[in-house]
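Structures are listed in the sections that come next.
Note that chain A is present in both complexes that follow, paired respectively with chain B and with chain C.
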Partner chain A sequence: MRQEERRLTTKKLDIFGFFYKYGTILVTIGALLYFSLTLDNFLNFNNVTNIFRSVSIVALIGLAITISLTIDGFDLSVGATAGFAAVIAAKFMVIWGYGVVPAVIAPLLVGVVIGLFNAFLIIKIGIQDMLATLSMMFLLTGISVTFQDGSAIYNFMPIPGGGIAEHTMSKAFLAIGQGKWLGIPIPVYVMLVVALLVHIFLNYTKYGRYLYMIGGNQEAAKLSGIKINRYKLIAYVMSGFLSALAGVVLAARLGSGEVDAGAPYLMDGVAAAFVGFSVLGTGKPNAFGTLLGALLMGILLNGLVMMSFPYYSQDIVKGIVLLLALGLTYYKMKHKG
Partner chain B sequence: MLTMRSISKYFPGVKALEDVDFEVKPGEVHALVGANGAGKSTLMKVLSGAYTASEGEIAIGGTSVSIQNPTDAKSHGIVIVYQEVDTALVPHLSVAENMMMDEISSPEYGLFVRWKEIYAKAQKEIDAIGLDIQAKQRISDLTLSQKQMVLIGRAVYQKAKYLLLDEPTAPLSLKETETLFAIIKKLREEGMGIVFISHRLDEVFHSCERITVLRDGRLVGTYTATQSSIDKIVEAMLGKKLDHAYPAIRTQMGETLLEVKGLSGEGGIHEVDLTVSAGEVVGLTGLVGGGKTEVCKLLFGEGKISEGEVRMHGEPRHYRTPSDAVKAGVALVPEERRKEGILVEERISTNLTLPTLDRYCTASLMRAGKIKKASLESIAKVGIKTTDEKQRVANLSGGNQQKVVIGKWLLSDATLFLLDEPTKGVDVGSKSDIYHLIAELGESGKGVVYASCEFAEILGLTHRVYVMYNGTIVKELVTADTSEEELLFYATGGKAFDN
Partner chain C sequence: MKKLMITLLAALVAVVTVSAEVPAGVKGKKLRMALVKEWGTGTHMIMHINGAKSEAAKYGIDLSVIDANHNLAKMAEGIENAVINKMDAILISHGKADALTGAVKKALQAGIPVIVFDNDFAVDEKTANGKLVSMDQYDLMMGLLSQMALVQALDGKGNVIYNRVANVPPTDKRHRIWEGAILPTYTGIKVVNTIDLGTSNPMPKAQTALETLLTTSNNIDAVYAVWDEYAKGFYNAIVASGKKIPLFSVDISDQDLAMMQTHPEVWKASAAVNPSLVGRVQIRLALKALAGERIPRYYSMTPILVKSADLPKERVSMKDLAKLYPAWGSSDAFVEPWMSTLKK
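Let's look at the complex of A and B:
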């Protein structure tokens, strides 16, 4: 009798274990199946590439956050960094008339500098990661808006001193956000390549392992001879760089430097990264999970919009998905034994 | 009388306790001993409501009681004081607030806190038990032993009839331990039943009436202290006769490996001189707070050195970080294993290869095969009991976790090993394994600094010993010519009477 009871509990646990491991993937596949059976146009090539393109920036920002999460940090400045990078790219071309190369490299460098500055605040000054990057978020948002005199930067915009902007965003630059290769949008390639690189970096290189170890137990990592400050700095610099990259793609896609364009991506990126925790039951930040997290949300939103789900209610879906994924991860952590 | 009858506790796949009987009488100190993983803590968690028993019965004075959670236990007068005292206290509040937390937070207490009354009541209780603390002190300003006192004070204030102490003396200095025993004695005389978990059998015999031994989740027996002996209890704990002898270290002493002169720095360390030769095991002893841990950390580049010179192989060295020290061939097995030594959530192999990860990489890419090979090698060498190298370290016993910490440095080129209380919280069987590992280190020409406050270990394992007191070395002794009494004399500040 008692044995039977125990067998039942182990069986129940196994079902949970299975769902814990594959739940996110199953939900993604389930959503795909459901939408493709009920919606005629869901699974055609155009719509699928559309979904991928729509999540590319969220995924890039999510990957930036993922890296900061591996060291048990949290970079809240990612969205603002992306917005700032977009403004810089636009300003370089439209106002100052630079070509595509400086317009891409300058924002990326700025992203690195922001990462360095975040690292300085967190490691040297000792401000808590969330608070330091929160301050940076405000600072960067303010600087971007000031830098563009409070309005968007776009082709042929009127200039405060009179007349219109002489220069335009080059075609080559716009291709980064709007172009296609073999029928697939360029941002999708950017997202996939970056996700793959981050995945390799985190899982197969010693640096990735150092980052995870520092996140797991900083003191033990330090006393094992790991240069923790160096690797924390690397994590924030990478986070800044990837955010800036997302900002460049964003500017190219919009064809302008919008006021505060990066802000909404912060929360979506955070959600993607945390949904990623639950993928394959890793329970920790990982690149593949973040990518899938971004995709899952993209699929759900795309399908629901096609089913005439009101766009203004999208955040409800995001909230539910995030709650379910976090529920899986944290319930598992709590009941580990 | 508090009795536990046929208690069993199952976790998925594990029988943590099976059919265990245990009892405590009012006015008795009852020791609960056993190797790590024997089930002592589980049994106490069942009694204090942190776990519920899968089977069995708990009765007080003959009537069966139901204990489903800590509140149930408290209502029956059962209070536990865990070793991790900080988890039960609010650091930025006063002693009085912490002692009377339950009362203040109860719905009947009313809207306003009556400060005068709280301090007066708490101080009265503190004085009655004879604790050396003040009601108005902030918890964060107290020492670990004082925090323990606060918890005991709280238990008394809550009218506890049965007090469970989970390894209370492990982190205490000798003097603090004595104070604790004085308090235990007093509480016992007032009719409290006390359960005392400890690894230190001399203490157990010194302060307990009865001793219950657990092994592998089962009851071995309950013994009367006056009719038993340390040897008999150890035998009962292990289920076999104990190999008492420390290994003889047959070693050829080589050149001077480490030379420290006038070292002063963080943690109140001042003017420390010491040398270690290749093949030598040097003891660093003293009471808790004497400065052993701080010296080990300074030598490992953790903490600021304000003055002094450190030479390795005759060359001056300046470590600014542990990473520098590791590069120079220094290894540290830190005192706080779970906090500083291992990554419990990670695999054994990940832990073992962390300091030497460079070696198992090609162009920064990790090579799984090389990592596995090195891990298996190390597992075999230090004798970690595990099914494979992919086990999470959290699933290992304390002794095996410690072997992981030692094992990771055996893979490195370290020539100097700093071991800080390496047998703390380690079961008797693993202790013996660790002693043999240290002997092997000496025999293979490494230098070892063995920091411990267990005088018996120092006497059994080392060639020479430095005694620390109040942040500096007060005496250097040749182990063969000294005794436990002499070590204690210097460790308690006996230098003044030296001449």
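Let's look at the complex of A and C:
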């Protein structure tokens, strides 16, 4: 009798364990199957590359958040950083007439500076991660709107002093967001390369291991001689840099520097990163999971758009997916021991 | 009571003599008004603010602009603060009725005229007391103008990707024309897909959504955008697809014009009202209310259809549209003879 009971529990646990490990992947495959059976052209090559392209910005932002999550921090300024970076890139080209290289490098540098400033607030001043980056989010949104005089920056825009902007966004820059190479959109390459680099960084370098150690137990990490502040700084600088990169892709995709365009990507990025926790049962922030989380959201959104669902139903689906993923992760954590 | 009588008398005198005598309600007073906006960014909103500001400056009115930055609670607070500070009139743009009705009632009960743009409040006649105006850009007409342009371009027959933004008063009005007038009349028009992605930052989302639809279907004859923020995203998607699908929309901005001029074969037309005129008319209506003159409960501006084929070779911005479309540049709606006296 007792033995049988035990057997039952083990069996139950195994089922849970299986879902814990493969649940997110199964949901992704299920969504793919459902949409490909109900919708013509869903699995057509162009639409698949479309899905990848549509999640490229969310995935980059998600990766930025993932890195901040490894040290048990949270960077809420990622969306605002991306929005600001997009505006900087646009202003460099359209208003100031710079070429593609400065227009990419300048926003990335600004992203690094934002990361440094976040780190300064968190490490030196001692403000909680979320609060410091929340303040930065407001600050950056405001600075960005001021920097662009409250209006989008776009080709042939009227200049406040009179006349029309003489310069335009260069073709090479637009290719970052709109171009294709071997039939695959360039932002997809950017996303995949960055995800791979972040994956290698987090899993196969000393830095990555230390970041996870700090996130797991800061005191223990400190006692084992890890320079905590240095690694926290690295995490926030990388987060700022990746957010700015997402902003560059965003500007190239839109062909303009829109007002506050980065804001909606914050929550989607957070969702991607947390869905990523549950992928393969890692239970911690990881690059591969974030990429899959972003893709899952992208697949759902793509299918729902084809089925003419309005946006609030899309939000319901997003919410359910996130809840399921979080449910798996946290249930496992609670019942670990 | 006595004050009211005097005001009424003064107004009567003003009307009867058609003289330029400034009504007592506004004469010799340093008027202060508040413009409470749901958001204040983007060409459209900036032109609206500037229109109101320059009209206010004409009459020596002190106009303070409150930008709630999409926060309805902050918007309601802005209105209530204006009541507490005894502003002479309150101008509102956008917002949601549910969140603001309480604050608007307070203003009306305090006798402060409320001139609302793109929103309406269910306030009984007694509370409104002839001091509440609900203005719009004539969204019904803008819907009709833009949608008829689409029907004409398709010769009444074709597959359309339609866009609506549900539960937002102006876009709902535009949609009513589509649903109630266009589709039943021109039965050859088929909606193959409807895109609704809400009001927050729709451009990138609209772009992604249309890209999806354009890669998965080959038989799209036209795209309709109920709001130009969507149209910008649609435009990018159509241009990137390399297809020549015509796009029709409502509202206009400098950015829209730049896009229309770059690819006039894509973005064909957009129905719009000059937002700076909206601001001007709001100020005039507030002045009239303060003067004790009758103001309408509802007022709609006169929209025009901006066609990319009408645009010249050289780049134009919204202020240049006056040269192409006389109705764009100015409106003498609610201009009273005494207002020119007040100017001096």
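Keep this in mind: the second predicted complex is superposed on the first by the 335 of 337 C-alpha atoms of A that agree within 3 Å, B and C clash if a C-alpha of one lies under 4 Å from a C-alpha of the other, contacts with A are read in each partner's own complex, and residues count from 1 in each chain.
The working rule: a contact is a pair of C-beta atoms (placed from the backbone, for glycine too) under 8 Å apart; a residue touches a chain by one contact, two chains touch by 3 or more.
Since the structure is predicted, the reported quantities are computational estimates derived from the model, not experimental observations.
For the composite obtained by overlaying on chain A, chain B and chain C can both be accommodated side by side without a clash.
In the superposition on chain A, A:Lys206 makes contact with chain B only, not with chain C. With both structures placed on the common chain, the touch criterion links A:Lys171 to neither chain B nor chain C. The superposition-derived angle at chain A (between chain B and chain C) is 130°, Cα centres, a multiple of 10. In the superposed pair of complexes, A:Gly225 makes contact with chain B only, with no contact to chain C. Of the two partners, chain B and chain C, it is C that touches more residues of chain A. Contacts of A:Lys124 after superposition: neither chain B nor chain C is touched. Annotation: superposed on chain A, chain B and chain C show a minimal Cα-Cα gap of 31 Å. Across the superposed pair, chain B and chain C touch chain A at no common residue.
On chain A, the positions that touch chain B within their shared complex are 6, 9-10, 13, 204-207, 209-210, 213, 216-217, 219-227, 337.
Interface of chain B with chain A (complex): residues 10-13, 300, 302, 321-323, 325-327, 332, 334, 339-346, 350, 354-355, 357-358, 361, 364-366, 408. Residues of chain C that touch chain A in their complex: 40-43, 45-46, 166, 193-198, 200-201, 203-205, 207-209, 211-213, 215-217, 232-233, 236, 240, 254-255, 258-259, 261-262, 315, 317. Chain A meets chain C in the complex at residues 39-42, 44, 46-47, 50, 53-54, 57, 145, 150-152, 154-158, 164, 178, 250, 253-256, 258-261, 263-264, 301-302, 305-306, 308, 310-312.
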